[in-house]
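Order of writing sets the chain letters: A, B and C. Residues in each chain are counted from 1.
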Amino acid sequence: MTSDAPMLDIRGVCKSFGGLKAVSDFSVALPPGRLHGLIGPNGAGKTTVFNLLTGVYPPDSGDVRLAGRSLRGLKPHQRAAAGLARTFQNIRLFPDLSVLDNVKIACHVRTTHTMAEAILRLPRHRAEERAITERARRMLAIFDLDDRQTEDAKNLPYGAQRRLEIARALATEPKVLLLDEPAAGMNPQEKLGLRALIRKVLADFGLTILLIEHDMGVVMDICDRITVLDYGVIIAEGPPAQIQKNPKVIEAYLGEPATAEA
Amino acid sequence: MSLLAEQARSMRPAWGGSLARGLAPLAAGLVLAVVLQVFIRPYIDPYPAKLLLDIGINCVLAVSLTMVNGFTGQFSMGHAGFMAVGGYASGIVTYYASMRLWGSPEAAGGVLSGILDLQGLPLVTKGDVLFLFSLLVGGTVSGLLGVAVGLPSLRLRGDYLAIVTLGFGEIVRVLIQQTRPVLGTAEEVRSTPTWQLPSHVGGSLGFSGIPTYTSLFWVYLAVAVTLIAAFRLKTGTFGRAFLSIREDEIAAEAMGIKTTRYKVTAFVIAAFFAGIAGGLFSHTLGIGLSAEAAGFLKSFDVIIMVVLGGLGSISGAAAAAVVVTLLPEWLRPVAEYRMVIYALALILMMIFRPKGLFGVREIWERAAWSWLPGWRPAKGARR
Amino acid sequence: MDQFLQTLKDSMAIGSLYALIALGYTMVYGILKFINFAHSDVVVLGAWSSLVFANWAKTHAGWEQTPWWFGSLVLVAAMAFCGTVGFLIERLAYRPLRGAPRLNVLITAIGVSLFLQNAGQLEFIFGTRPRSIPALVVDRSLLTVGRVHLNLLDAIGFVTAVALMVGLDWLVFRTKMGRAMRAVSFSPQTAGLMGVPVDRVISFTFVLGSVLAATGGFLWALKYTQVNQPADTGWTLVGLKAFVAAVVGGIGNVRGAMLGGLAIGVLEQFGSAYLSSSLSDVYVFSLLIVVLLFRPSGILGQAVPEKV
């Protein structure tokens, strides 16, 4: 694979619910290292795109390729194993488990020992458990959560829960990370921190990121390119400066003006 | 190779130490079982001894059901069905094998009858080998049935499992009632083809004549094995994967957890241990194994233990098994109210302490006691 | 041919009872998305309260022969009693758990079921022995085809069941309350925001389901005369089969429950008549597993994907 071959290649994906076309002919190609924004008014089909990518529902047509490999027919957990991780718009942590365990669970997909080895406590199990603990702790340190690792996830403040979701997603060792409105519910201070954090993990983890975000301040600041979705159809794609001036985009956002909040 | 696996390679401990530490708790369990049998059993009456057996068997049942109902958050209501299947399967093995091999269903020397009063028998007798083998057969048959029951229902949403397992227990009961009479003499057994023997388990009259191999030693060895396996699952990466399914199945799947596979796995492991418990139950002195063993009532008993102990708490389930087994003794003056009290306890527990008494925590964890009045979280944890 | 007709008659008679009971499961499931395990115990209450009331009234009135309207009076009394119990169950046990995880609600339902069974077993309530309900109707043959008789009792049972189902269908699809029920079933939150009194609709659903259960219990007692003790496993089986009927028809779907009930009746009776009678429970649960494997949303149900 050459370096300019797309890491995530979405080709002509369509999905209807009943008679409603939720997403039609969605195509985007992300080269490695790209931070790509996906924006659009409420109900434009952005989260549906994520659900189609992660296999929550099957697309009616089209194909998704991750690092050159087709994901067709794969279940969500198989896609995670292939290197696709996500966060959720309405946070879905494991509420009654500790912060540390939340991240440890995401390491499971990269373990190689068997259940028998775990019950007999054989060396491979012990080694991997140690590695899991170490990695999970390091991940929490990056996201500034290391002093709360024994708390139940449900007791974290909102912003910390959002960060924990990203930490958890990263623990699966993804090639591509899908972030669904990571800044939602954060205060301006937290949003600034989030921008820096996303840039940092993009570089440090060698990621490719597809980002859904309503906060134009965040999107316009950190994204390399942006795709705009309206009624399930792509109406524009380009670098942030170009998108901001695109008349179709402005029209789509009329009544919901694209103001920079942060 | 994943970063994690790479990192783990450099951390791998030596085999010898791992194995020794891995087996140490089992050795401790073995010692405990021997102590119970050799130093306790001879000094207590048969009745408390029987209670101790019941407690142990119920511990195995409750802890195994915790893996399904507590860890993965599914809800099985047919645990007694698996227990009965295991009990019948291992009973068939010991009864008919004894008939074929030794011409009589009598116990061919129990392990610790050997230790206590050697009577010229070796420490581990042929009967014990057969019994151990039969327990494994019982567990395996029950586990295989677990696959057959779990696969269709666990592909769907959780509460279907409840209804399917409830139905499964009934099917087991009805099918057992259709079986043919037990063959009473060695000649009959020899003249019957082996593949037909499993159908001769007494029908609605019950399966009597199973040799009585079950002793405190075997029961508490099984308790130790079950507890160790359950703890090691729970505290390792597989246990966390199980718990994540309970917490949020969609998020678990998105994090790469094979939710369907693990739900079935947990269910099968639970069925296996229920089968072992069934084997221990059917070889207990004075038990006429009958189809009723597969009925709802026994399943409900086990469910109550799991729910009271805390959904996901192994030590909680074990403690509840002790309490629920002894409770009828204490409630004897108001015996007819026993089930009414259980039922009310279940409802009130769900309303006021929905995760059970100890929740997912173990008894020695501080957070397990949060239901006590005046409880404060540990200093380290910020609220 | 006689055997076929006889079996068909039996299928319809028992199937319509399963359907009546299945309706209660399906309505509660449709609205609250949980299996109301205690529903079959309300059926038992229906049978026992009919029995107790009939006995009491008969001894006090001192009739030689019961007047024709007495049966309907017993039914109404049983309906009122079970409706009240259903209301209380929802209010005391299920409402505090609104919004709790499904598992907790399920366990509570099991608790309620155990409570009703074992409280009923107490000596001063119904006791631990089966009892017989006095004859409320003088049975006679209405119609004879070959050697198969269609009796008055069969006809009453079937007609009552069908009439109630038609009435329920009308209620759910043609009235304001029915629309509110369907709205709550679709989304309690949204329905609440739209001004639907969610709590009242849920209470109403429970009362309605319990009233149908009472009818089921009453007809059951009428049909078999002997009423088994409340914790008899036979009752749990009846409830389970009715639940299977609801699943087969498509859980949450009122018409599906009726269809499923009749289907279970046919399967059970024809299986017993033509294959082996001792395995009739096995057929029903095998059907459940087959349906779960190949059409998990049931005959008339629609698969609803979970929102992420």
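Here is the rule we go by: a contact is a pair of C-beta atoms (placed from the backbone, for glycine too) under 8 Å apart; a residue touches a chain by one contact, two chains touch by 3 or more.
What you see is a predicted model, and the numbers here were worked out from it, not measured in a lab.
K.L.:
If I rank B-C and A-B by number of C-beta contact pairs, which comes first?
P.N.:
Result of the comparison of B-C and A-B: A-B.
K.L.:
Just grab the chain with the largest centre-to-centre distance to subunit B, centres being mean Cα coordinates.
P.N.:
A
K.L.:
Subunit A to subunit C: how many Å between their CA centres?
P.N.:
That gives a centre separation of 48 Å.
K.L.:
In whole angstrom, how far does the Cα centroid of subunit B sit from the Cα centroid of subunit C?
P.N.:
The separation of the two C-alpha centroids amounts to 35 Å.
K.L.:
Between subunit A and subunit B, tell me the centre distance in angstrom, where each centre is the average of that chain's C-alpha atoms.
P.N.:
42
K.L.:
Give me the residues of subunit B that touch two or more other chains.
P.N.:
250
K.L.:
Which positions in subunit C touch two or more other chains at once?
P.N.:
308
K.L.:
Give the residues of subunit A that touch two or more other chains, as numbers and ranges in rising order.
P.N.:
Within subunit A, residues 56, 88 contact more than one other chain.
K.L.:
Going by the contact rule at the top, pick out the subunit B residues touching subunit A in the complex.
P.N.:
Checking each residue of subunit B against subunit A gives 2-5, 7-9, 11-15, 18-19, 21-22, 228-229, 232-233, 236-238, 240-241, 243-244, 247-248, 250-259, 265, 355, 359-360, 380-383.
K.L.:
Using the touch definition up top, name the residues of subunit B that touch subunit C in the complex.
P.N.:
Within the complex, subunit B touches subunit C at residues 69, 73, 75, 77, 152-153, 155-156, 158-160, 162-164, 166-168, 170-171, 174-175, 177-178, 250, 295-296, 300, 303, 307, 311, 336-337, 339-340, 342-347, 350-351, 354.
K.L.:
Tell me, which parts of subunit A touch subunit B in their complex?
P.N.:
54, 56, 75-77, 80-81, 85-86, 88, 92-97, 101, 104-113, 115, 118-132, 134-135, 148, 150-151, 155, 168-169, 172-173
K.L.:
Would you pull the subunit C residues touching subunit B in the complex into a rising list?
P.N.:
Where subunit C meets subunit B, its residues are 34-35, 93, 96-97, 100-108, 110-115, 117-119, 121-123, 231, 233, 236-237, 240, 243-244, 247, 278-279, 281-282, 284-286, 288-289, 292-293, 296, 306, 308.
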